[in-house]
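Sharing a structure, written as structure tokens. Questions coming.
Just so it is clear, A, B, C and D label the chains in written order, and each chain counts residues from 1 on its own.
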Amino acid sequence: MTQVLIDGLFLGCVYALIALGYSMVYGIIKLLNFAHGDIFMFGAMIAFTMLTAVPGLQSAGIVAVFGVLILSMFLTGGTGVLIEAVAYKPLRSAPRLSLLITAVGMSFVLEYGVKQFWGSKSITWPQWAQMGAGSIPIFDGTITISRLVLMAVSIALMVGLGFYINGTRQGRAMRAIALDQRASTLMGVDVNRTISLVFFIGSALAGAAGVMFGMYYGAIGFMMGFLLGLKAFTAAVIGGIGNMYGAMLGGLTLGLIERTTVYFCNGDDSWKDVVSFGLLILFLTLRPTGILGDRVVERM
Amino acid sequence: MSETPRDTLLEVRDLVLRFGGVVAVDGLNMSVHAGEIVSVIGPNGAGKTSAFNCISGFYRANSGSIRFLGQSILRRQPSTITKMGMARTFQNLRLFKEMSILDNVKTGAHYRMKQHWFDALLHTPAYGKSERECEDDARYWLDFVGFKGDTSMYVTALPYGEQRRVEIARALMTKPRVLMLDEPAAGLNHSEKQGLIELIRRIQALGISIVLIEHDMGLVMDISERIIVLNYGKEIADGTPDEIRNDPLVVEAYLGTDEDEEDAE
Amino acid sequence: MTNSWTKKALALCAAMAAATLSLTACGGSSDTLKIGMAIPTSGENAMYGEYMIKGAQLAVDEINAAGGLLGKQLEIKTSDSACEAGQATSAANDLVTEEIVVSMGGYCSGATLPTIDIFSKANIPMIIPAANSNSLVETPRDNVFLVNGVGSDQAKMGYDWTQKNGYKSLLVIDDKTDYSVGVSTYYQQFAKEAGATIDSISLNPKEKDFSGQVAEILKHDSFYFTGYAEAAGLLIKQSLEAGYSGGILVADGSVDVLTGSTVGQPKASEVIYGTFSVTPDMIDDGGAFISTYKAKFGNEEPGPYVIQTYDSVKLWAQAVTEAGSVEMDAVDAVLHKIEYDGLTGPISFNADGSRKKSPFVIVKVSEDNTFKLFDDMAS
Amino acid sequence: MASATIAPALKQPAWTNDRNVLRVLAIVFVVFVYVLPLIDDSTKTMDFMTKAMIYVFLGMGLNVVVGYAGLLDLGYIAFYAIGAYTCGILTQAFHIPQWAAVPGVVVACIIAGIIIGGPTLRLRSDYLAIVTLGFGEIIRVTARNLTIDAPDGSPMVRGPSGMANIEQWSFGGWSFTDGLNIGGMFIREQVIFYYFVTTIALVLGVFGISRLANGRLGRAWKAVRDDEDAAEAMGINTYTTKITAYIIGAVWAGLAGQLSATQQLSIAPTSFEFLFSALILMAVVIGGMGSTPGVVLGAMFVSLVPNLLRNYEWAENRYLYFGILLVVVMLFRPKGFWPATDILPWSSEKIHKWLTARKAAKAGKDLIATEEDTYE
């Protein structure tokens, strides 16, 4: 049974990392960034290209892999900022509907743009860049070192983000904009720069999740962002959209729930997605602000 | 007029509304009688619009009672309250931007139109009749409020004053017994204000009682039969314009220390 | 005023009608015999579509070089089915309008099924090189012929292999696609008839994390995965990581370089077996075929279903020469009785159009991740 | 300034009145659509046009939800799937003709619309978008795993293989497959089906929905879309208005699903991906949200263009171009190609003025328009 928990926690970490991006972007400009799942996939693609294109990287082993992880986080972050500047900023005052539809358009552009360059077939992560397969037994389950390392990295990223948001000046600016954009401008907060910063951080985290996903599972494809993005959004909503710790909690909860459903249908995971989306609809109707989200009174 | 002038249509008892820690409305008591023009005044943040939104069903009051035509409307949907005969306009002019002026006003008649979706689909006689009636009604009220332009234009094409009149016409389309106007004079120039006063009088002549939230003292003193003054969510005065003009409490609430008279104009 | 307007509008329509009429008049029947192929050229399965076109092109070039068929040259017309029913019916109707005389397409069974009705109504015989789900031959039609072995033959071969290796508790995993569920149901049938214990689960090919399935695999001493290569690689890799050491068998959908490369060498070439129909390198004069293939398409290995499509074109050509015309009924009659010795072995058809004795063999992943012949289970 | 004889007011020629031009375009479109099979009834044209008409029907249904009521629905294809499966199951399990299955499809879609719309329509539009997306995925996964046997035991719904041999439309013994003989001309099944779908798409889809939109309900939808609070204050119960829009959208999609199931005579779960919900949404958005001619053109564009270019090399990544088109439209022309607020995407009056100005400039000599310059 512990194996199910370990698998759940690992999957939860991947969901949480992506969900953070959703929550941050939603918190600040109330936009559901449909393209966020695809930014996760884009991060994996960039890292893959770097790993295969740069000759001699193989010799550097693990150090190179983490170097590529950091670099692709920056590049994916940059892509996120670019997308925000090109597609979302001009529409900031437009009605909600057009902003959402642009996000759907951007997710198509990312998915089928990547398909154009990286092809439609599944791509195998270079062997040497995949984490070692050694494993440590815990109770009656086993956890491979690679999962342990990846979970440690994701938790470190999440905790780091927590300090950043609550501790630093830009963090405070982000929280201010989330509450009232116009008031923050009056207080001298450069709204555009901060929003770009939020997109940068959100996309960088999704990029990290993408690289880790490639490292562990060893296969990436142009469509992997769609389903995982949807699941990550479900996690963000369950935890409390707009709330950082909510995204983390939501991610872990969803990961565990999915793994336990599969365990109880003994391995048959055809109904797993139905359970996750059922959960999403349940939360959105009964408690739209999620577990940690505070009930916000909608003023006229 | 069916009701005697003194018949109370709307009665608010100890209304309390809280947003988290902030008490917006603190035990408000007020009433509106048939065919009467009542103004609600008070400094900014006195809770006028909050009370207004409570009465029209947009906010859920924490406690107290609101009775309209003898029924409690505390927990009712705004659309039900409108059907019962209480229409309202908005402080910052909320017309339907992507609809023509005529359609804007026609939506006012939505709840009383005898037209099902299959009537529209099959263009049955009922459809034709109800549309014609609704259109005539709309044109009547547009004419009533003095709108002369082309009604097929979009509302955004109109100057501010005209848009105000269309919003009032739209509210009148719902055949209200009580019409609540939220700062109708805001942003109007002097001549438009005179037109507004004359319009409000004509509306009252139809037997519709009017509740007015307004900052323009001149207009308030000129037109209201009764004035209720709010401060920090409580009513501190309720009487005729003359009583209010000299009530020390009101002067102090508005102007703070003792100022000379003409400031109050 | 308006009635003058309606007159003007109708005049405009008449003019437009005349214009388009002249356009379509120039169609006419050209002098080539057109072979239609409704196959995926977009989406995840685009690669398999391209392999099938190459196989057909090889056969067509050979026939044209030898003077064509009934005095006419052959020409291939393709239309994208994208493995989806809606697109497939559009592709079929597109090809019917192109006046094709035979349909040589069909990779995904789900997309091929609705095209059968369209081609039959247009009196066009269908020789399907790849799609092999039993639902294709369920409603009896005499113009449908499956060159690729039907699910039951492959499942039988898979079951024989498990018995040969003495595996006791069996597991079959499908990926909820039409073809893979077909093979899985037959596999379970053979196992139950023989009284063996067998469980069956499925996975979602879009998913990447199969820890649920791996937990089930660990409870069995062998598993047979009937889905496509993308999921096969991940499933095998994760079960090996979890310490699984039992038998690993994949169906022909996963017999692809991707399976081995995802699992990674040297592990892949030790443990992964597959059931597959014959490939060029397995047949005796295969070398010649492979060299002509490489000469034409650059030195890439001939992928899956190349020789099945090659055989289909050659088979059809022989049937047409025997029948003396491309007429559907004549060609069907010949095809039902035909005994053709193709690259994929002797080809003859049952009454319902499925292939009689379809040769499946056991293949194994080699060092370069391609599947090589391991055991033809002849013994 | 010397008083020059001012030309009598130039009488506007009839073609500059936008509403007339629109009426003419509508007549041209309807006549073209009905005359087409006489011109070219090849299987390719018939198939492409029938699919285009089904898309028009779907587009008009979604137009109610997105265009008029302003509710972003990203799982619209789910009702299309419910319509297809319901008609398939009803006709095969109870052996009833297709037309008898129509009420069943309508009821199934109403129930589905209420189940999904009910609890979620109180949410803000972006939550609703995600819930409908989730619902679409739930229906897709359920369709893939659904296995139902007919009462007589033979497999009917076979999970991933969907359903086969769906019954064609038949009215009292005569079915489309028998074809029709009119004045010596034999009309084959595909053409009859094309006329059948076109008539439904035009009558129920185009004219039906635009009539609904001009009636009382349509105004309520638009009011709710423009400003929910103001609509509520005008006595419009926004909740029931949104639910009605959602249910009408669902029923229209269900009927379109039945039409497409009877066109293909089989149903496969792979045709109900999120991609197709996005395609219909694109048709409405690119055409013009809330504008009937815009949605009709948008739907035809989204379904005909990929079909006509299906064999070109670069057609393979058409969805990349659709994605880019969507973003560009939202940035530069958010109201779409044919905005709902205009009668025509161009202003005939401006064209007329431009033409007269050019003509006058070319004439050059006499700036004062003389008598003969006035137009008929």
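Basically, a residue touches a chain if its C-beta (ideal position, glycine included) is under 8 Å from a C-beta of that chain, and two chains touch if they have at least 3 such contacts.
This is a predicted model, so every value here is computed, not measured.
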Remaining chains grouped by touching, subunit A not included: one piece
Most distant chain from subunit B, judged by the mean position of its C-alpha atoms: C
Whole-Å separation of chain centres (CA-atom averages), subunit B against subunit D: 41
Computed distance of Cα centres, subunit C from subunit B, in Å: 72
Centre distance in Å when subunit A and subunit B are each reduced to the mean of their C-alpha atoms: 49
Rounded Å distance, subunit A centre to subunit D centre (Cα mean): 35
Per-residue overlap in subunit D, given as positions that touch at least 2 other chains: 144-145, 229, 317
Residue list for subunit C, restricted to those that touch at least two other chains: 42, 46, 176
Sequence positions of subunit A contacting 2 or more other chains: 226, 270, 273, 300
Subunit C-touching residues of subunit A, taken from the complex the two chains share: 3-4, 7, 11, 120-122, 124, 127, 130, 133, 135, 142, 144, 213, 217-219, 221, 223-224, 226-227, 259, 262-263, 266-270, 272-273
Residues of subunit D touching subunit A in the complex: 66, 70, 72, 74, 116, 119-120, 123-127, 129-131, 133-135, 137-138, 141-142, 144-145, 229, 274, 278, 281, 285, 289, 317, 319-320, 322-327, 330-331, 334
Residue ranges of subunit C in contact with subunit D within the complex: 1-2, 5-6, 8-10, 12-13, 16-17, 20-21, 23-24, 41-42, 46, 78-80, 83-87, 89-91, 93-94, 96-98, 109-111, 113-114, 117-118, 121-122, 133, 135, 138-139, 176-178, 181-182
Footprint of subunit C on subunit D - complex, ascending: 14, 20, 23-24, 27-28, 31-32, 35, 38-40, 42-48, 51, 144-145, 158-162, 164-165, 189, 260, 263-271, 307, 310-311, 315-318
Footprint of subunit B on subunit D - complex, ascending: 208, 211-212, 214-220, 222-223, 225-227, 229-238, 244, 248, 290, 340-341
